[in-house]
Amino acid sequence: MIELHHIWKQYQPPRWALSDVTFHVKRGDFYFITGPSGSGKTTLLKMILREIIPTQGQIIVDGKNVVRIHDHKIYKLRRTIGSVFQDFRLLFHKKVFENVAIVLRVIGVSRKEIRRRVFNALRIVNLHHKMWEYPSQLSYGEQQRLAIARAVVNNPKILLADEPTGNLDPELAFEIITLFKEINKQGATVIICTHDRDLIRHFGEKILFLYKGKLIRKEAL
Amino acid sequence: MIELHHIWKQYQPPRWALSDVTFHVKRGDFYFITGPSGSGKTTLLKMILREIIPTQGQIIVDGKNVVRIHDHKIYKLRRTIGSVFQDFRLLFHKKVFENVAIVLRVIGVSRKEIRRRVFNALRIVNLHHKMWEYPSQLSYGEQQRLAIARAVVNNPKILLADEPTGNLDPELAFEIITLFKEINKQGATVIICTHDRDLIRHFGEKILFLYKGKLIRKEAL
Amino acid sequence: MIIQKLKYFLKETLRNLWQYRIRNFFSITIICLSFLIFGVFLSLSNNLHYTAQQLSKSMMIIFFLEKNLPEDQRSLVEEKLKGSSLIETFQFISPEQALEEFQNNFPELRRIIENLRVNPFPSSFEATITEENISSSETLTFIQEMKEMKGVEDIQFNRDWVEKMQSLSRLAQAVGFFLGGILVLASFFIISSVIKLNVFARKEEIVILRFVGATNTFIRIPFLMEGTILGILGGLVSLLLIFFLIKFFPLYLGASLGVFNELINFRYLSLSQIIMLIAIGAFIGFSGSLSSLARFLKV
Amino acid sequence: MIIQKLKYFLKETLRNLWQYRIRNFFSITIICLSFLIFGVFLSLSNNLHYTAQQLSKSMMIIFFLEKNLPEDQRSLVEEKLKGSSLIETFQFISPEQALEEFQNNFPELRRIIENLRVNPFPSSFEATITEENISSSETLTFIQEMKEMKGVEDIQFNRDWVEKMQSLSRLAQAVGFFLGGILVLASFFIISSVIKLNVFARKEEIVILRFVGATNTFIRIPFLMEGTILGILGGLVSLLLIFFLIKFFPLYLGASLGVFNELINFRYLSLSQIIMLIAIGAFIGFSGSLSSLARFLKV
């Protein structure tokens, strides 16, 4: 499903954010990526979404070479991927409902269906009672949950989550990863970047360990 | 040092973000505040900084009634407090160095002294090699460390940290809290909001537990 | 499906206009004032055009007749004038009328006239030429023909005056194309800049929309509609302002301007100009949004 | 200490100007174009003023002398004119000169002159009045005195013409105060709006600065300096543009305008106007920043 072939990435000349990273994620896999701060986890996820382009190397997602996709065709790729980023990327001038609904609007889902699905997604992350507020009126953990709801609302084939539980209490964190696990069971490929050892210990089957841009361990517990 | 007397806070009519919260933090205390997402931790810290005003109740910081401070005098309060917030509040159009230096600039420290102190603060959080980059060129964990460096650079009398390790690996998180502990030993009052049970277990002496805006437990382990 | 999308875009646009109301308020202010400048210029140039028209209407040829010309010869000249398509109107002026007219037109020379013992003016025909023929060569040949006619002693074809008129109209044109051009260009640049600033301020939004899988079209439409609406609103408000200005400007001056009253009797913009102004607003808003969106539709 | 702070603020300001260069580019464009409109208006009004001055200089009184007036009586009149402080210059016109001048001034009436057997013009003195006295009452009493003098048959005091001049100057004033006022106000509003939009776009920064304990003054100074510099830069660029426009506008028209050439021979702004324009830019930039900062210095 996701193949990275000898990926190198350099933002600024002396340092390499990623060096020679190669791995395959098969359909239905559930991967954790971990590693110290600044080791290149976010860079990796952004590349899968083609937000940044590798300095060298090829990325194949769902059979397509991501690097070669035209600017105005990327939306096709991104519609198959649900993602939560560390900075949440919420639309602060839109209400909570609309922030989730936008994913369905862009693909033209009918209004009734939107209401149903958005409500479900918000209920799962326990935010349905704040549906008509603005993201700026949410606590930070609530904003993170909103980002999660948006990522899962369209049953994506691939789910990328970058530190999705960094602002949540352990109980909620467990619930969220359980949710991801369920989505995974329904066939989605999931990649989660996290620092939370408890979560990895509990849920981790396949773990990638990044250190200073290098993939130093691939584990299957 | 910090006294909250029967604090009530309502953002929007039906729900209370804080209800009847009363506690005293003495000079030199090291407090953890914990509680599920949305329980009012950030609200509490913001009140101490007088970013928001309680609907009811009084807050005394360092002998002064915070609620009564004039808009144009708040800077005096804020200069005695170093704080890290969940959204970091970095100046994205200023370099890393300048983001830390600003705290010293506003109080008119000499240039040489600024260079020395900023470098030290950045070295402690292991960011000195990125001193001349922009925050947008940092990873999320690095941004968090930048916010921490800024909070500690001026040896504040009070240190407030809201989830300061949410995006850091456990090793770094330990280092950071150790740093806070050292600052605390030098006389500063420290309040940390966190979800990280490991940290609380390891460092926690005094813990406040918030649940749905109510202070339900005060523990001294 | 399409109707649902259209409805969504419209709602979205209106919601955004409201969300960014402070910014939009200032943007519309800027747009409106730019259009005001443009509109005031349009109105002035309307006025100039009208005045120039009025002046060229009074362009005249005078056919001086021989002294004591018999009645039948005079009517021959009259027939000839009546028959020509170049002549719009003509009028017989007797020597007495000529003297009176002269006294009225040149009160400064009153003294000289009074010193005269005999009436020096011959009788004449004063003819006006249709506007489109004022500087045509046919007019010259016609005048040549008339000159050779019996009974016509001399023809006063005021070349000097025509030249002055032509200069004036050239001046008006120059001012129109150049100064006006500057004002108009300036207005347009201002409007388009403000629209661009609006889009820049919301680049995050564009990035997030692309992130959630929106097509470029989906992202563009509300921005384009907003730009267009801002342009149109700015135009409409400025039309209102211009209307009031034109209404109250003469009042402010009072009626004491005498001969120059006509010059400042501003005409409101014509319907086609109003439509043009609004269309321009829409166009600038649209194209300004479009061009500034381009750079953000890459990430 | 203070020097260090000043240095910091200056650096900070320049850094910010560079950081937000795209936004600032568009802001300066808008400011500059607004000033351009303002400047073109100033230049036009300079011109109008100059032309009006030129015209009123040629304001004349003609003292017609009696026919065949003896030499000594004529010199008495001359003495009297020479002695008056109201008279700027004067000139004796013989009947032959008068006839010639008339023929030059009114070529349309050439025919009539040719019909005359005798020269109807008397000899006269043409005097110009100093500008400040044109419509003073002293002039009227002086004229009254002259009228009663022996040898002076009549006085041509062109009231009508003076009235026209006064109307024109009133028109110029009205246009100046009203239309000009609109343009100027519009420019100012536009500039101040754009400065405000600039501050709005950076409200986060203000909040963060307050968060780290900056005083309001510390926050304000760079913003105020930036606003001021934007205003000044906009003003300077517009002055440059105006300079080129005024240089190339006449070239564009060619020298073919004849009598109207003087009208479009635009004068550049005077030094005091230049200083004023820049000062206004600085002021609007400053006050625009100041007023829009206020709302963010609360949290």
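Quick notes
To keep things simple, chains are lettered A, B, C and D as they appear, and every chain counts its residues starting from 1.
Basically, contacts are C-beta pairs under 8 Å (C-beta built on N, C-alpha and C of every residue); 3 or more make two chains touch, one makes a residue touch a chain.
All of these numbers come straight from a predicted model, not from anything done at the bench.
Of all chains, the one whose mean C-alpha position sits at the greatest distance from that of chain D is A. Highest C-beta contact pair count among chain pairs: C-D. Averaged C-alpha coordinates put the centre of chain A at 29 Å from the centre of chain B. With centres set at the average Cα position, the gap from chain A to chain D is 66 Å.
Our note on geometry: chain A versus chain C, Cα centroid distance of 61 Å, whole angstroms. Residue positions of chain D in touch with at least two other chains are not found. Shared interface positions of chain A, defined as residues touching 2 or more other chains, are absent. Chain contact topology: the protein chains form a single closed ring, every chain touching exactly two others.
All chain pairs that touch, listed by label, are A-B, A-C, B-D, C-D. Taken in their complex, chain A has these residues touching chain B: 11-12, 34-38, 42-43, 86-87, 133, 137-142, 144-145, 162-163, 166-173, 195, 197. Chain contact summary for the complex, chain D toward chain C: residues 22-23, 26-27, 29-30, 33-34, 36-37, 40, 44, 64, 102, 106-109, 111-113, 115-116, 120-122, 154, 156, 158, 160-161, 163-164, 167-168, 170-171, 174-175, 178-179, 182-183, 186-187, 189-190, 193-194, 196-197, 200-201, 245, 249, 252-253, 256-260, 263-264.
The residues of chain B lying in touch with chain D in their complex are 49, 51, 71-72, 74-76, 78-79, 83, 89-91, 93, 102-103, 105-108, 110-111, 150. Residues 1, 4-5, 8, 16, 19-20, 205, 207-216, 218, 297-299 of chain C touch chain A in their complex.
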